[in-house]
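Worksheet: one structure, shown below.
Chains: A, B, C, D, E and F, in written order; residue numbering restarts at 1 for each.
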Amino acid sequence: MIETSSTRSDGRMPNEIRPVKITRAFTKYAEGSVLIEMGETKVICNATVEEKVPSFLRDKGKGWVTAEYGMLPRSTHDRMPREANRGKQGGRTLEIQRLVGRALRAVTDTTALGERTVWIDCDVIQADGGTRTAAITGSFIALADAMTKLKDKQLIKQRPLKDYLAAISIGKIGSEVRIDLAYDEDSVADVDMNLVMTGKGHLVEVQGTAEGEPFEKQDLDAFLSMGWIGIQDLIKMQKDLIGPLA
Amino acid sequence: MIETSSTRSDGRMPNEIRPVKITRAFTKYAEGSVLIEMGETKVICNATVEEKVPSFLRDKGKGWVTAEYGMLPRSTHDRMPREANRGKQGGRTLEIQRLVGRALRAVTDTTALGERTVWIDCDVIQADGGTRTAAITGSFIALADAMTKLKDKQLIKQRPLKDYLAAISIGKIGSEVRIDLAYDEDSVADVDMNLVMTGKGHLVEVQGTAEGEPFEKQDLDAFLSMGWIGIQDLIKMQKDLIGPLA
Amino acid sequence: MIETSSTRSDGRMPNEIRPVKITRAFTKYAEGSVLIEMGETKVICNATVEEKVPSFLRDKGKGWVTAEYGMLPRSTHDRMPREANRGKQGGRTLEIQRLVGRALRAVTDTTALGERTVWIDCDVIQADGGTRTAAITGSFIALADAMTKLKDKQLIKQRPLKDYLAAISIGKIGSEVRIDLAYDEDSVADVDMNLVMTGKGHLVEVQGTAEGEPFEKQDLDAFLSMGWIGIQDLIKMQKDLIGPLA
Amino acid sequence: MIETSSTRSDGRMPNEIRPVKITRAFTKYAEGSVLIEMGETKVICNATVEEKVPSFLRDKGKGWVTAEYGMLPRSTHDRMPREANRGKQGGRTLEIQRLVGRALRAVTDTTALGERTVWIDCDVIQADGGTRTAAITGSFIALADAMTKLKDKQLIKQRPLKDYLAAISIGKIGSEVRIDLAYDEDSVADVDMNLVMTGKGHLVEVQGTAEGEPFEKQDLDAFLSMGWIGIQDLIKMQKDLIGPLA
Amino acid sequence: MIETSSTRSDGRMPNEIRPVKITRAFTKYAEGSVLIEMGETKVICNATVEEKVPSFLRDKGKGWVTAEYGMLPRSTHDRMPREANRGKQGGRTLEIQRLVGRALRAVTDTTALGERTVWIDCDVIQADGGTRTAAITGSFIALADAMTKLKDKQLIKQRPLKDYLAAISIGKIGSEVRIDLAYDEDSVADVDMNLVMTGKGHLVEVQGTAEGEPFEKQDLDAFLSMGWIGIQDLIKMQKDLIGPLA
Amino acid sequence: MIETSSTRSDGRMPNEIRPVKITRAFTKYAEGSVLIEMGETKVICNATVEEKVPSFLRDKGKGWVTAEYGMLPRSTHDRMPREANRGKQGGRTLEIQRLVGRALRAVTDTTALGERTVWIDCDVIQADGGTRTAAITGSFIALADAMTKLKDKQLIKQRPLKDYLAAISIGKIGSEVRIDLAYDEDSVADVDMNLVMTGKGHLVEVQGTAEGEPFEKQDLDAFLSMGWIGIQDLIKMQKDLIGPLA
């Protein structure tokens, strides 16, 4: 398949992310509540603080961060059956929520957090590609906001965050590498990658999948370089919003 | 328990509903998509049209309207376990979604709708009392909007709606009857009623429950009168938004 | 639909309940065990006393009354799939068992009951309309009998019941209001109401649903008046059987 | 453990079954409906005829007989959790319903039955030992009655039954062999056997289990001889009730 | 059906078991791990020691032995759906694992075992008839090996086993009784029996089922005699492998 | 954490894979059946051919390859609960089986396969790290063997495989990068990567996760180079076993 034009349907440059909009305190009860919009993808990320830890961590002097993910049935083009009605969460759902929790823990100092759990709930209101990466980027802010609440209550001295954290999707369509794919791009991509990185540019998760043809090492290198461009934009926005980490 | 003052915490009169805000086309894929806000209660109501009917209606020349209901885990003061994770929908959830579906069918001409199903998904983003009544009032608009789409595509001649439909909660706190209860009122009410009525003032559902002391027939009469006041406000708003029914 | 005759298929007057038969101590293990027959509807109501309370009530000095409901697969005209085999209870089942538990708690002094739970199991042997109302009326007697056992064992001083409790169904068929509908009537009714009241004539639950056309306030008034006639017959029978409440 | 006396708590001889009471047409909808009481054990056996077969039998010119089994939560001394609420049937339940179905199929001419299924629902109202054997004995009558209905409707020429079928429990308590054990005997038996036989005295199922000490071949011989005495009583009763098989 | 020849497809005599191969320490983590092969039937039996007992045995000074059973999806001729994916274990699975646990407990001195549980996991790698009997025979060795580990660690003084334990299947094909049936024989047998016996020749479980025609007492006698021949071969092998019981 | 020595507990070089043993035709029913052993990790990979496709592929002229994964309860150091008993597959299980299926599809010409499904069942008998990568490497051989069967039956002209496929795990422990980690290494690794590549050296899946500290791009480069060394060894072995692809 030869890509005869690199023009994206929304006119973006290949290394350009979609317009991002962050609404903090989106709902009133959660300790951290963020609506993240990346183009037409919209995800609510709520952080809840619970003053206890899962049984496997009891009396170890450490906290925990975990995530759950869901999509509204009509967040997608066609209606999907409601997982609560089907009686189980699908494999994709479980895979994503494991990824989100793991990524957030990579930048959390769980010892400094103390014996408490932060639950992150990512609920997709509208899906137009990149819901898992938007969930990570938005959840980081919700997590930071929840930690601010703990600090304000003097339950912790400073926010136990080791670095900023953001994520972006990257794809190869024909011979062109693009970041932050919308659904119409994602569905025709030969290679699909999700990249999670810290503010210092370290890697937290690299997940690349050949959807069509297997890919080359130089593709991977290109994906990482271009992904880092998008992640820097997201990190900059996080810094502006939540300030220095501690 | 003696109510020493009738002043509501938000300064409303007993028969005054909370500020209502309706956002149509709230999400972009659903045939009808409404965010209804009644005070701090916020519910997304999405209507999906499917060109087939459940098996019990096959080849009967009739359509169907059905509803599902869910709450985001942190839509409430404390986080609730996610039903998709628990593996089943609770009794309250099932009760509410059966109510919403039944109420909408009461004003739908299912024969005129033709052999198609309208799925209504009510998802609570933030809960501050009256989520089921907000779900009904908002879903009616989403249903009407979905029908407008069918009409625009010339799949139906006119919107198969027999009347407007709205719902309100009513409670008795001490000796005072109030409508559209917020959570802080709902949780101390002796009697809790949900009322669903049509634009012409006919009754579709009357559900009154003594949470504390059983109540009197004259209480019920007062609930109905005062509820109708609130429902008229909601119906007026529906008329302004969606115009004449056909 | 015009009702050309008000004669009921079993010759009853519109405000006449079906013959009621109560068999107490129907099974030998339960602390209270009642078989209630209303016409061809037959429900076993067993009350079990457990000397502990659910976790949300622990150490609050209060007891609890809760109910479960089920139907034998062939209690109905056509065989229904067994819920235990399907792996979940349906929405109707959950709705009914929530109603039965709530209604019984409305007349129970849970503080006087002490930190114990009374489980009510309503199992429908044969269904000919009105199973939920029969379940409530019969369960009240089973509950009272279980309390008598507690009193006989000197675990409580008197039966912690605040009033008698009975329920009846009411329907409108064409222009005629009837009470205690048999299945053949129920399936054609335009409006379907279930009414739960106390011995003193107070309202515990009012649930009216338009199955066909929405109804009027004067219909509701008629339903309540006529329902109260039937409930009085049931309360009288309860008084004869179980005597003064304490 | 030495049994110092062979006197049974209810005064029966070791080879004497409990009083049996059969109520036919116990419920009004089922094609065959039997309440079987063996002493204090009471089981409703309903037979439902369905005019289709499971997919594995489709177009093979044969019918099917299958069974389901359940216990009311308070059919036992202590209340058992309701299987429909727990979300699955336990191992004992599945084991028993497989046994009942298999036993009934052993005496059914499924070719003569034609392409239809008979569902047998065995629901235990009160359990005092021997519920599975009572279920088999009672279900045979319900099955025969359902077949009579088919014959009356001229859907089959004669009842497709090859023989009568009954079952009994046998146990060894200390050194004494007893049949038709009540719960107080069953719970202390060293060996527990269930025997299903035909009217001609052939064996359909033999299930013997050492609950305490393993047992000897001569025990097994004694179990079978004594069990056959009890089964003959049951078969005689079946013959009186349902007459010649065809 | 007349059996015109008694020659078995694999040339065995009617009372001859298939070649048996036992591999101990088959996996490296389990306290006891046995691969048992009986002809083409292959079952892994792993024994796990857990230093606690189920809640119903707490503080009673006794241990517990329990079993679980599963089949690899393609252990059979056609692929079976994976039970973990279907979300529940089937009736046959539950029946078999209850049988295995019960049989092993019959030869275990649970008081001498102490307050610990031995979990037995039987997983069928390849099924060619007789998986449940192979599971019992193999699990006994795994159980003994796990007990040896406990003895080596001086947690128990001697292996708390009261006798050896083995099991065999027996069938009647036409007029010929055969033991240790392979699948091609099992699927055409008129009677199917599973027999569990101890080293001293006592009976632990006798389960005989008429798959086609009901059978006679003399058949049962023949099954038991011939089964005991096969079981003796298995017991001899167990003695050679694990030595004297204590 | 500073690694003071690069010596691996089993004496391997950092870029050396464990001894690999492949047993083909491991079970007798499956169209392809492979036991793959990589050191102490042992996984059975069975391939089943089914002559139909999932509904989403019907009438599209394409085939499908899908995978399921499970672990025997005692394949691990401590016994894990059986997923079939818990009633659902965990997130890790679903994630792995989705990975295996996706990887195999990347080298399958599904059009040439025709309208049939190949089911791959990966069942872990013993787990010592790298079960998912062993599952992929072994399943590729099972898939090829199943395709050989189809070719032998002349259902396809040649094996519809586009390339060989193998997978390896890579980890960073302190400052040392190692491949094919055993469990004792895996559990202390800071970074954990799974790499799936084709015979031509193209990438199919790259999944790298920071378990402790985030990692650098140069780490990723090292992981890929070293992983490719191990994968080449595995591919060579595949070529020797299954020959040229067509």
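Convention: contacts are C-beta pairs under 8 Å (C-beta built on N, C-alpha and C of every residue); 3 or more make two chains touch, one makes a residue touch a chain.
This structure is a prediction, so every number in the text was calculated from the model and none was measured.
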For subunit A and subunit C, chains touching each: B
Geometric centre distance via CA averages, subunit D-subunit B, whole Å: 51
Between subunit F and subunit A, distance of the C-alpha-averaged centres to the nearest whole Å: 27
Inter-centroid spacing, subunit D versus subunit A (mean Cα positions, whole Å): 59
Touching two or more other chains - residues of subunit B: 87-88
Arrangement of touching chains [line / ring / star / complete / other]: ring
Residue numbers on subunit C that touch subunit B, as the complex places them: 88, 90-92, 94-95, 97-98, 102, 106-107, 163, 193, 197-198, 200, 202-210, 213-217, 219-220, 224
Complex contacts: residues of subunit A adjacent to subunit B: 27-30, 33, 40, 42, 44, 46, 48, 50, 68, 70, 72-77, 79, 82-85, 87-89, 93, 119, 121, 123, 125-126
